[in-house]
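What follows is a pair of complexes built around chain A, which joins chain B in one and chain C in the other.
Then we have the complex of A and B:
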């Protein structure tokens, strides 16, 4: 509900901005809709882009179950894709299915590695995971920049700094129009985690640890192991998203392989109220705004409109959520009186 | 001069330190703003976005008026204006500071690109000139580096001293720190938590905006998409590196400014070490320092404001 109000708020403010700068409001929104949901072709592209957004959102919400902030999904996606690229270089002549599975596993391990330091530092000496994960985003970005200028530079890139293309056979198959297998994989992963967090003992312990560390300690739950475990898991999911991007949408590792998915994933998770089930739906909506935003350039409208709308959806939803809690409380007090 | 087998020219060394001071100024303004907000208990991860707003507004203000000072002023105002969003969401409505701050970064970067769309190839320039401090600028080496800088560098130094003074020698500063340590106690003592925190966030936004404007009226001298290049995140890191104290943050800014300058100015020294690896240094240093602070803090109180990141809702007191 808050999301719907946030969306309306964003569209209204967005319309104001567009008209101030002299851009056609209706045409812009019409184009964004057509190019994201309009046809089977565009809808399938929207689904593809929703995959990394949803997985990043899932990564953030898994950590949030225990009250931890993984701001490093962006870096974990990047390093996950880097690790998958490494696997692809090793297994360049392996058969497609084997290579894809190995690359996706490599991506998950890479993502977990990237969140290991922050997780350990948080678990052992209480270092804020917000800052450490944030810092590692920038490090991962520069690592890719380093590789594409050096060890992994494409010899066929005409001197242009880019990483060699991944093996051709490591391409996830198409399932419908442009949508690739990653869409199904992401749905399965999300469903598995929704079940895992809500139905398993580990997930239950996680929630206790998140809501009351003291209770958890009394119940014999090791906060240190849970903290490290959940950060590794969160990093693995984000890294996995990097692997899906590499084998599904992209053909090579690059600095832009995570188009800010890690940051948008935090907004997605917040809008989904940190629930895995909601993450998928919000991710599709955000993906549509992003895919639609790329299409308005031909109208002469800045594609930055997309980022503005995404942020405004969140701020609108924050306002709506707060205002609605106030209303409910007022009624409660009257009844109590 | 030959050092460790490498020939180093005097000009290259001075150039390196001049660039260090420029980047230090850029980082210090934004980090000082973030320090003020965090001392009041509000984490603002929107620095990168506020800086971008300052950069685009600073460029437009300068280009339109022909004066870099107008640019600096407009950029500062733009940073303050966009930070109101975080002030309202995170302080006024009690939203999560992490989420609201990150959304502010996305909003600021997007809005800056949107506004700056027509200005990317604009040839107009309104740039600050270096100002020599009489007498001091003639000192060999030191004068070139420290006393022949842009006026914004001197301004950043003055603002740092003012901030230190307000924090430690005025009742306003005491109140601000109290609000950051324990909002409910400060509230009981008669301080308006909401007003103090909003004021701190907006002051921080103004300084981040000034930092961005300095980028487009001096360091880079123009506006382009992505001109902030992740330096806002370094400013956030600096605050922790400097243990939330204006003086130490200044030292950190000099160190981080030096590493930023190294990336650009390594080639004249004929060193083959990758500038890209050097560019990872500020982030790795911050992580290292953070771990050391936290390790020590097991036995002594942490330098971090106790109420940092915790929303204050008066009715839930």
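Then we have the complex of A and C:
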């Protein structure tokens, strides 16, 4: 309900904006719809794009349960994909399913490795994880740049700096139109974590630790171990997303294999109110808006207007749905003294 | 005929699963100190929040000086002359006294020297001692409370609401507060005073209104016409309040030993200075002292929340100085910390999560927590300790002050710990609750637990403790046998006069 009202409001304001910028309102909205939800083809692509967004959102929200900010999901995705590529090179002649499982596990381990340093520094000497995880994003990017120019450079790339393609058999199967198996895997992973965090002793302790460090210590929970543990888990989930991208939509490791999913994951997590169970739905909406927003640029809508429109719809609709959990009441102010 | 300063009529306030106010009413005459009484969870705080603009009542009318009002925020209420001092203070720790007082209501041209002077003059008028330039973090709880009161007075509040103000005060400070309140009402202001301590009510209130289960059961009773016993009966109904019956202790082995303990706090001040004491099984050792003399750091260090610079802590024969809280719990320690919401509980998490904080490790099934057992356990605690709640899923912080306390105490006592360290165990409890907890402490003692109890209530210590240790400036300033000591002797030791 609130979602619908928020969406309508956003669309009305968006329409005003479009008419000011001289773009055709109806055609623009038509295009956005067609390219995000309108056809089986575009809808399945929207789902594919939602997968890394949702997993990155999960990674961020798991850390946030304990009050930690993993700003480095981007780097963890990149390094996860790098680690998966390494596994792919080692197991180039393994059968597909085995190789895929190995690559995904490798991706998770890689992501965890990438968050290990920040987790340790935070746990042992209290260094802000916000800074360290953010810095490692850059490092992961440089590493890929180095690999595509050096050790892993594609000999068949005509001198173009790109990493060798991953083995062909390491391709996740299609399940519906363009949607690949990663969609199901992501849903299962998210459901499993939401369930685990709510039901397990570990998840319970994590929530206590998120309440206040003093309360955690009082309850006999080691803040150091929990901090390191949750950072490793968060990194592993993000890294896993990198593995899914590599085996699902990409054919090789590249600088833009992540496409900002790690950063967008922070927004996804925030809009899901940091609840792991909410990230899937928010990610689909986010993905649709992004895809739709990009598509209208081919109609001549300027990137700036497109960006504003995306933000409007995202925050108008999802924001309203989220805020409606709060109660707003009109107060008769006339009688106030 | 002048109007009542405050008139609340037929106030209803519902929360999910509970009705906090069910048609409550309250009439406060100008120039009086009016007590609002009632058991834990009776709806006192909620009713005051409705008056002070924190909540909008679901139904009912609020009249100030005869005029109907609807406040949509505390600021609204304040501009109509209603000020409230909440139990948790809302001050900025790094600001000075004067800065906090004028925050949000400062003159447009800031002249700090002039403001400091005005704040000092205001404090002086009400007989406060306040140094306007001291930062809040340096102040004791009692001093902070005075800043809160000054804040309301600075805005010229005509009605001041104090929610359990004396819970954080030493007996001496409570007496001083009483005279400040008399000064305020002599200027024609009104004060609404919530307390569970009936002697305070009889000594400085004029009238009382009693709430029970969200309803007003007695309104504007003249204090001169009743005694504490009658008030207690009005509050908790006809059930007779069980008195504690002191019994002789039969102390056994030492279960808690603190040897030459020194604790330096985060500000670099030596809070606990070379203290040694021991608690035997089957005895209650009371720690008396003015708040802020190292009691909190002592108990926190025993529990493993603070680190000892020197000395050792031994629980049931095990040296736990270097061990974590969890090992201390395993050695038989239970701890009721002074800061309930900040240390002992997780305010935003549901009641069940809080109820099992001590025992959840015994409720595991593999890596999973058995929530069925957790809920059953929480329900048991709530019944046994008479905790009033709405829904089990509600956040802990939605419980009333006394009910928080009951749940925390119940949780720590429920598995018969060998050593119980309890800070202000009866603070914020109603008369029935105080008696119940005191009896429980005695029961634990008789069952062989060693109890270390910190309290600012000397009467409580004299009634319960088998030995009283006085702390002053982080040191032990004397040890007394409660049967042979006078209040004056303890008072002198508390002031550091040995």
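One rule holds in what follows: the second predicted complex is superposed on the first by the 278 of 337 C-alpha atoms of A that agree within 3 Å, B and C clash if a C-alpha of one lies under 4 Å from a C-alpha of the other, contacts with A are read in each partner's own complex, and residues count from 1 in each chain.
The criterion applied here is as follows: contacts are C-beta pairs under 8 Å (C-beta built on N, C-alpha and C of every residue); 3 or more make two chains touch, one makes a residue touch a chain.
Since the model is a prediction, treat every value here as computed from it, not as a measurement.
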*For A:200, decide between first (touching chain B), second (touching chain C), both and neither.*
second
*Is A:222 contacted by the first partner chain B, the second partner chain C, both or neither?*
second
*Check the contacts made with chain A and report whether chain B or chain C touches more of its residues.*
B
*In the superposed arrangement, which partner chain does A:208 touch: chain B (first), chain C (second), both, or neither?*
second
*Answer with first, second, both or neither: which of chain B and chain C does A:281 touch in the superposed model?*
neither
*Thinking of the overlay built on chain A, is A:5 touched by chain B (first), by chain C (second), by both, or by neither?*
neither
*So which bits of chain A does chain B touch that chain C touches too?*
none
*Sites on chain A touched by chain B in the complex*: 17, 21, 69, 71, 117, 121, 125-128, 130-132, 134-139, 141-143, 145-146, 149-150, 260, 263-264, 266-267, 270, 302-308, 310-312, 314-315, 318-319, 322
_Touching residues (chain side chain C, partner chain A) in the complex_ = 56, 64, 67-72, 76, 79-80, 303-305, 324-326, 329, 335, 337, 339, 342-349, 353, 357-358, 360-361, 364, 367-369, 371
*Where on chain B is chain A touching in the complex?*
43, 45, 85, 89, 93-96, 98-100, 102-107, 109-114, 117, 230, 233, 236-237, 240, 274, 276-277, 279-280, 283-284, 286-287, 290-291, 294-295, 297-298, 309
*asked:* Help me check something: in the complex, which residues belonging to chain A touch chain C?
replied: 199-204, 207-208, 211-212, 214-215, 217-222, 329, 331-333, 335-337
